[in-house]
Amino acid sequence: MILFDLFLILLIAYSVGFLYYGLYRNITARFQRRFGPPITQSFYDSIKFFSKEDSTSHGWMFYLGPIIMMTGAITTLFFIPFFYDRADFRGLSDYGNLFVVLYLLVVGPLGNALGVGVSGNPFAVMGVTRGLSRLFAMELPFYIAVIALISINQSADIATIASNQHETINAIAYPLLFIPALFAFIGMMGQSPFDVVGAPVEVYSGPAAEFSGKFLALLMSQGAIFSFAKLVLMVNLFLGGASGFMELLLKTFLLFLFVIAFGSLYGRFKTPQSIDFLLKVPTVIAIVGLILATWS
Amino acid sequence: MRIINTLLAFLSLALLLSFWQDNFSFYVDLALLGLHGVVVGVKTSALSNVFALLIGFSWLMVSIASFASKKNTHSTLFLWLPILSLALFLIVYTVDYLLFFVGWEVMSIVSYFILAPTLTPKALLKYILFAMASALALLMGIVILYSGAETLLYIDANHGFTLLSQQMKMILVLLMLFAFFVKIGAIGFHYWLVDSYAQADDLFTTYLSAVLSKMGIYGLIIFLTQVVDIYSLDWKILAYTIAIIGVTTSVIATFKAIKEDELKRLLAYSSIAQLGYIVTILAIAGGMGGVLYHALIHTLVKLLLFINIASIIALTNRSKLSQLGGLIYRTPHSFVLLLIGIIVLAGMPPLAGFASKYLVYTSLLDAKMLLILSAVMFASVSGFLYVYKLIYGIYLGHPTHKSLESVDEVSKWYLIPQYIIALLLVIIGAFPALIVPTLNTVLVQLHVAPIPFETSTILESPLGAYNGFVVMSAFAVIFVLVLFFVWRVKSKAKNVKNRFDIAYCGEEPTSATPLHYGYGMGQELQRVGFIAIIWKQSSASFYNALTLMLFSLSTRLRKVYTGNLASNFNWLIIFAIFLLCWGLE
Amino acid sequence: MSSIYFIALPLLFGFATPIFAKFGKNGIAYSSVLLQASLFLLSIQLFVTMDKSIIEVIAIAPPLGIALILDNVSIFFVMLFTFLVLMGSLYYLKLREKNPYQNEAKFFILINMLLASAIGLVLSSDIFNIYVFFEIAGISAYILSAYRKTPKALEAGLKYLITGAIASIFLVFAIALIYLHLGTLNLALISQGFTALESDIKLLISLFLLIGFGLKVEIFPLNFWVTDIYEGSDAFTDAFFSAVVVKAYLFVFFHIVYLFLPHKEFTLFLLYLGAVSMLIAEIVALRQTNLKRLFAYSSLGQVGLLFVAFSMQEAVSITAGLYILLAHSLAKMVIFLSLASLFEKYKKEDISLFKEMNSPFLRNIIIISMLSLLGIPLLAGFVGKFLLLKSIAFSGLFVLLGLLVLASLIESVYYFKIIGFMFSKEERGEKFSLSTLQRAVLLTLTLGIILIGIAPFLISDFIATASSVMIDVRSYQNLLLGAN
Amino acid sequence: MIEGILEYLNQTEVIKTIVILGSMGLFFVGLFGLLSQRHIIKVFISIGIMEIAVFILFIGLSFQKGLTAPMLGDAHTSFVQMNDPIPHAMILTAIVIGMAVLALGISFAIEYYKLTGKNRLDQMNEMKH
């Protein structure tokens, strides 16, 4: 039963993830006054990549990188419940909690870093370093917000946090926690202004520089799954969770839309700039929010 | 010598495990020395057994690793190591502060003699001066406590502590904290630590980091729970001070570690940072479980990491990240072991590191130290950068020298202890509550609430539990499935023959191109304001100024001893007149 | 009557040297060693046969005559001094083969005079005898100090002599005042009558005594001359100065303090004087490069510590003081004797000598001695230091405690600088080894340090009794007066 | 007139006052010499003066009028009607010792002068580091 549940979760995440990715390409295209590819294009791309040969390999660790990344994404997904009040689509979330998820979120990037590192491409490693540097800056405001939520709810269980919001969602109840978390979330989604790590167009480098064929496909797929997982997590934490598929899709899509809209509007920070920004503005807001939220 | 040492280590561990449950105690009355009513002695207890286990285990692991080198190069080390371990056992088993001090001093001095052949004079002097300062502060604290309690036993110490005046309590606490923080290397007092770790014999560094630093933790546990009785004392500011010192230590040491190029220095800072987490939760009531758990995990992981880099240094004769690289396919076993090590060090979920981090976080949450918790998590995440730097610099990327392309796997004597430790770490990762019953006996002994325990797979905490077994098996199963999936998908990829065959801006790099990114990694953080401040500031300037001041004072006071009798007679007369006036008063 | 031998025999030795000289080249040397060995055995025998507090008084009808008192505390010093001098003489037997003193007969006479006067100081129980022995010790020390007749040695001798002469003037002055007002020289009688004196006279007497003895016991600020003397003299003689002479003066000084001036205020003053003395000496020592001078400062520091211990006026702290004194004497003996050989071998007195030194044996024993001086557990220095700190804390003098701990920390700076030099990785010359006899001497002393450190209970009973006897003024009075 | 003065002077108190004043004067002369003079021999002389001052003080004050010197001789066969012998014995000893010390000191000074050509206290700085 639970295996079927997990399979469904994976399937949904995979398809919705690619759907969102297609939408993302379309929407950004519209922002830039052009027409994007068909929505399903990314999905087809990934299928196509799976069937392509990969041109170079740098040994087994090189292969393991994307695999670990994929594993990390799926595991993360499984530990986030889709709905707060339903017995199904809970995945493995009963066996873990928010702390586990927070840490699982970084398993993927670290696995990727290993695979990239072994490729011997200094540009790729540079991207990894940037990613890791940005990571801690990004996580700080996010962690502060999450800690505040855990403390308020006296529970690290995601479903509990989600269900406790049926009166007022956390985004409205605690805006000073939501705003910094949102900043961090934009970074986590790899959107401007914090997207220098995997900058898709202009830099001929970044973690993915050496991957091709099925491994590139793997990277793309995990990206889709992972994005969805993160969206669901954010919805659960701040937007009141969901009790049905429509609600879930709506909330995640709105959040997604906001993120890409924001990303399209702003230019790109350099790594130190983004670290500096994240450690200053959102962190300070988050600290204020934390103090206000738990003052008693 | 090595064989005897290993046998002794094995014997002590075997003794320890076979008499684990037995109670043993031995007391001596010191009335003979003019110390009436003073009893000293040793006694087994749950707490001391746990720490003794760490000592015995680390000793054995280091001893096994020592067989790797062909020559008996560490002969003095293995002459001293049994004595050192004996002193450590004395520290953990004693029930009074006199023997504790004896063990403490012997530990410092014996370490000094072990360090002496390898350290530079300056580093050696730094080490011993901090050790002496620590010991003297400890001695002064002990004596002050003694004057209150009139005995030296831990069990009476709390009574004595309450009898002291508020001011003396403060001084006592400061002295003791100083004494133990020096050993731990809390920030500001770590000036000696990094150099000593970096220059010590590679295997002794392992022992230093795994065990000796834990003695500071042990001392703090004893002092805070037995003497100050901090959990029942309403002395909030003390708990907060300790927590803030701990977390500052973690954050600063983490960023210092990111900058380091030398393997052992990097790990030394990492050691400081990890102990910082322990210090952070030391003074809060629910934190003791996390303290013990993290101390245990940290001991294991530092054993693993230091033995690993000792093997790499022995293999390549290189100790800098910028001089290594690309060893992964030459030494795959070492790579996998280090990978396990850094996953634990970073506190990633499937392995044991997460369990201890989890306890650290939940205890801070429970104590409502939310900002401190955020800082701890921040330090923890920032730590990813240096753990990645470590594994990348050694194993990934490009070899920086021809010699690195032709080395073979490290000696099996290095691998055996690492595999044992890695296995333990994986097991604890899957069964995070496996050691909870043991820890709970200690917690009961210390009169703090035990960690809830049902089954060995679920680590419970006041704010929720997690099932380590499920996390690990989920991860493993998904990993295998993805692997299998990728395996089945067709592939004709060939291994690159030429390692320069990479995407490099349309050019083909040559062997002269600096492709290894080991040294530069993390340097760009310099542009971030507060990190630049951390990197630029160093306690060295403070200690240098102190030294300078002392020496100029010395020069000035030397003028008293000019040797010019004529002027000295004037002194004499002035002194006499002063005495006369003073006497007439 | 046996206690008189300790003074008479070494003094008589001088007159007998022409006879001993007949026994060949080594006659005087061997007979001197023999004499000291027999004195040491005698002291052991006395100690063993002595009851818990049996006291030997040799008195020619006090208050008029002289009296020698051999009680639990003085037997401690007698044993210590004879043992140390014996060890030194044995060591010299080999040292003289390479670098003998000119006119050795004189040298042996002086050493024995020094021994006699040190013991005399400890045993005497009337103040004029103390003055006489004070001077004999002084004269022999002046000559020993200047013995090499190099400019440095002569300068040291001169300075020693001038300060010594001034000290003796003040002492005579004090004695004159005491006799004029009390009509007696007997310590017991003086101690009985002293409190009844007018306060002005008391002040004057205590001031003169403090200056007279203060110059000799090397207390700040009266210790300005000490380091020059140590540096100018031979390391071999420094061993005696540091291990024997100062200790004798210290004992007498505090004996007199306990008997005459057990004022709380005065001893408190001495207490802080000791602490300041220690602190200043340790700070100055930081920059020293000349080894003899360095260890001279270290001696000053230790004397400061002893001052603190004895000024506390409690049985426990005196016990601590005796432990520290014992540990310091043994350690300084080891260090200065080794230095004597090392200087002779390497022809330099600089601290960098230890970078060249290639002698594991000497390295190890010097390190053990220095660690003992620092008060590291399991060595002799720790017992005394711990007891002392304990009694200070029990008296609530926490500032003093802090000062001493600070001084100890500074002390460890230069000790460990030296030890660091011993481990430096520089090129070392050929191996240097001592003769068997010298090694045996040094080993005996070092084993003493270790043994006391590991098993202080072996002698704790004895030292505890000694300290209680030392502080027990009343029984001393009864003893001395009841003897006639 | 002279008789009167002598009579006056013969009083014990007067004699003792003179002794005290004189010896103290002498003592301070010595002390002043010690502090102001740098020549080694002059310093020795100052020390000698101070010693003598103390001796005179002691002897002068312990003397009692009307008693003879504490010596046994033809007329005196027992210790009666004599001054206290102890101060005399003491001072005799002290004089001998003081003389010995000064002689020793002068011999040192001469040797030192021969070797180095220095004869002043403030020049004695072989050990100035």
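Going by the order they are written in, the chains are A, B, C and D; count residues from 1 in each one.
Throughout what follows, contacts are C-beta pairs under 8 Å (C-beta built on N, C-alpha and C of every residue); 3 or more make two chains touch, one makes a residue touch a chain.
This structure is a prediction, so every number in the text was calculated from the model and none was measured.
S.K.: Farthest chain from chain A, comparing Cα centres?
M.R.: D
S.K.: So which chain ends up closest to the centre of the protein, judged by Cα positions averaged per chain?
M.R.: If one averages C-alpha positions chain by chain, the most central is B.
S.K.: State the pair with the higher C-beta contact count; candidates are B-D and C-D.
M.R.: So, comparing the two chain pairs, more contacts are at C-D.
S.K.: As a quick test, compute the distance in whole Å between the mean CA positions of chain B and chain D.
M.R.: The mean C-alpha positions of chain B and chain D differ by 71 Å.
S.K.: Taking the mean of the CA coordinates per chain, how far is chain A from chain D in Å?
M.R.: 102
S.K.: Go ahead and note the Å separation of the Cα centroids belonging to chain C and chain D.
M.R.: 30
S.K.: Just the number, please: Cα centre separation of chain A and chain C in whole Å.
M.R.: About 79 Å, centre to centre.
S.K.: Which chain C residues reach two or more other chains?
M.R.: Expected reply: 159, 162, 166, 227-228.
S.K.: Which residues belonging to chain D are in contact with no fewer than two other chains?
M.R.: 34, 121, 124, 127
S.K.: Please list all residues of chain B that touch 2 or more other chains.
M.R.: In chain B, residues 562-563, 565, 569 touch at least two other chains, as defined above.
S.K.: Quick check of your reading of the touch definition: is the inter-chain graph here a line, ring, star, complete or other?
M.R.: other
S.K.: Give every touching pair of chains, nothing left out.
M.R.: Applying the touch criterion to every chain pair yields A-B, B-C, B-D, C-D.
S.K.: Along chain B, where are the residues that touch chain C in the complex?
M.R.: 32-35, 98, 101-102, 105-106, 109, 112, 116-117, 121, 124-125, 128-129, 132-133, 136-137, 139-140, 143-144, 146-147, 168, 171, 550-551, 553-555, 557-558, 560-563, 565, 568-569, 571-572, 575-576, 579-580, 582-584
S.K.: In their shared complex, at which residues does chain A touch chain B?
M.R.: Within the complex, chain A touches chain B at residues 50-51, 53-59, 61, 63, 67-68, 70-71, 74-75, 78-79, 92, 95-100, 103-104, 106-107, 110, 113-114, 117-126, 128-130, 132-133, 135-136, 139-140, 143-144, 147-148, 150-151, 154-157, 204, 209-210, 213-215, 218, 271-272, 275-276, 279, 286-287, 290-291, 294.
S.K.: Residues of chain C touching chain B in their complex?
M.R.: Answer in residue numbers: 159, 162-163, 166, 203, 206-207, 210-211, 221-222, 224-225, 227-228, 269, 280, 283-287, 315-316, 319, 371, 374, 376-378, 382-383, 386-387, 389-390, 392-394, 396, 398, 401-402, 405, 408-410, 412-413, 416-417, 419-421, 423-425, 456-457, 460-461, 464.
S.K.: If you look only at chain B, which of its residues touch chain A in the complex?
M.R.: Against chain A, chain B makes touches at 326, 328-329, 335, 339, 346-349, 354, 357-358, 361-362, 365, 368, 370-371, 373-374, 377-378, 381-382, 384-385, 388, 391-392, 395-398, 463-467, 470-471, 474-475, 478-479, 482-483, 486, 489-496, 499, 501-505, 514-517, 521-522, 524-525, 527-530.
S.K.: Enumerate the contact residues on chain C facing chain D in the complex.
M.R.: Interface residues on chain C, with respect to chain D: 64, 128, 131-132, 135, 138-139, 142-143, 146, 149-152, 154-159, 161-162, 164-166, 168-169, 172-173, 175-176, 179-180, 183, 185, 227-228, 231-232, 288-290, 293.
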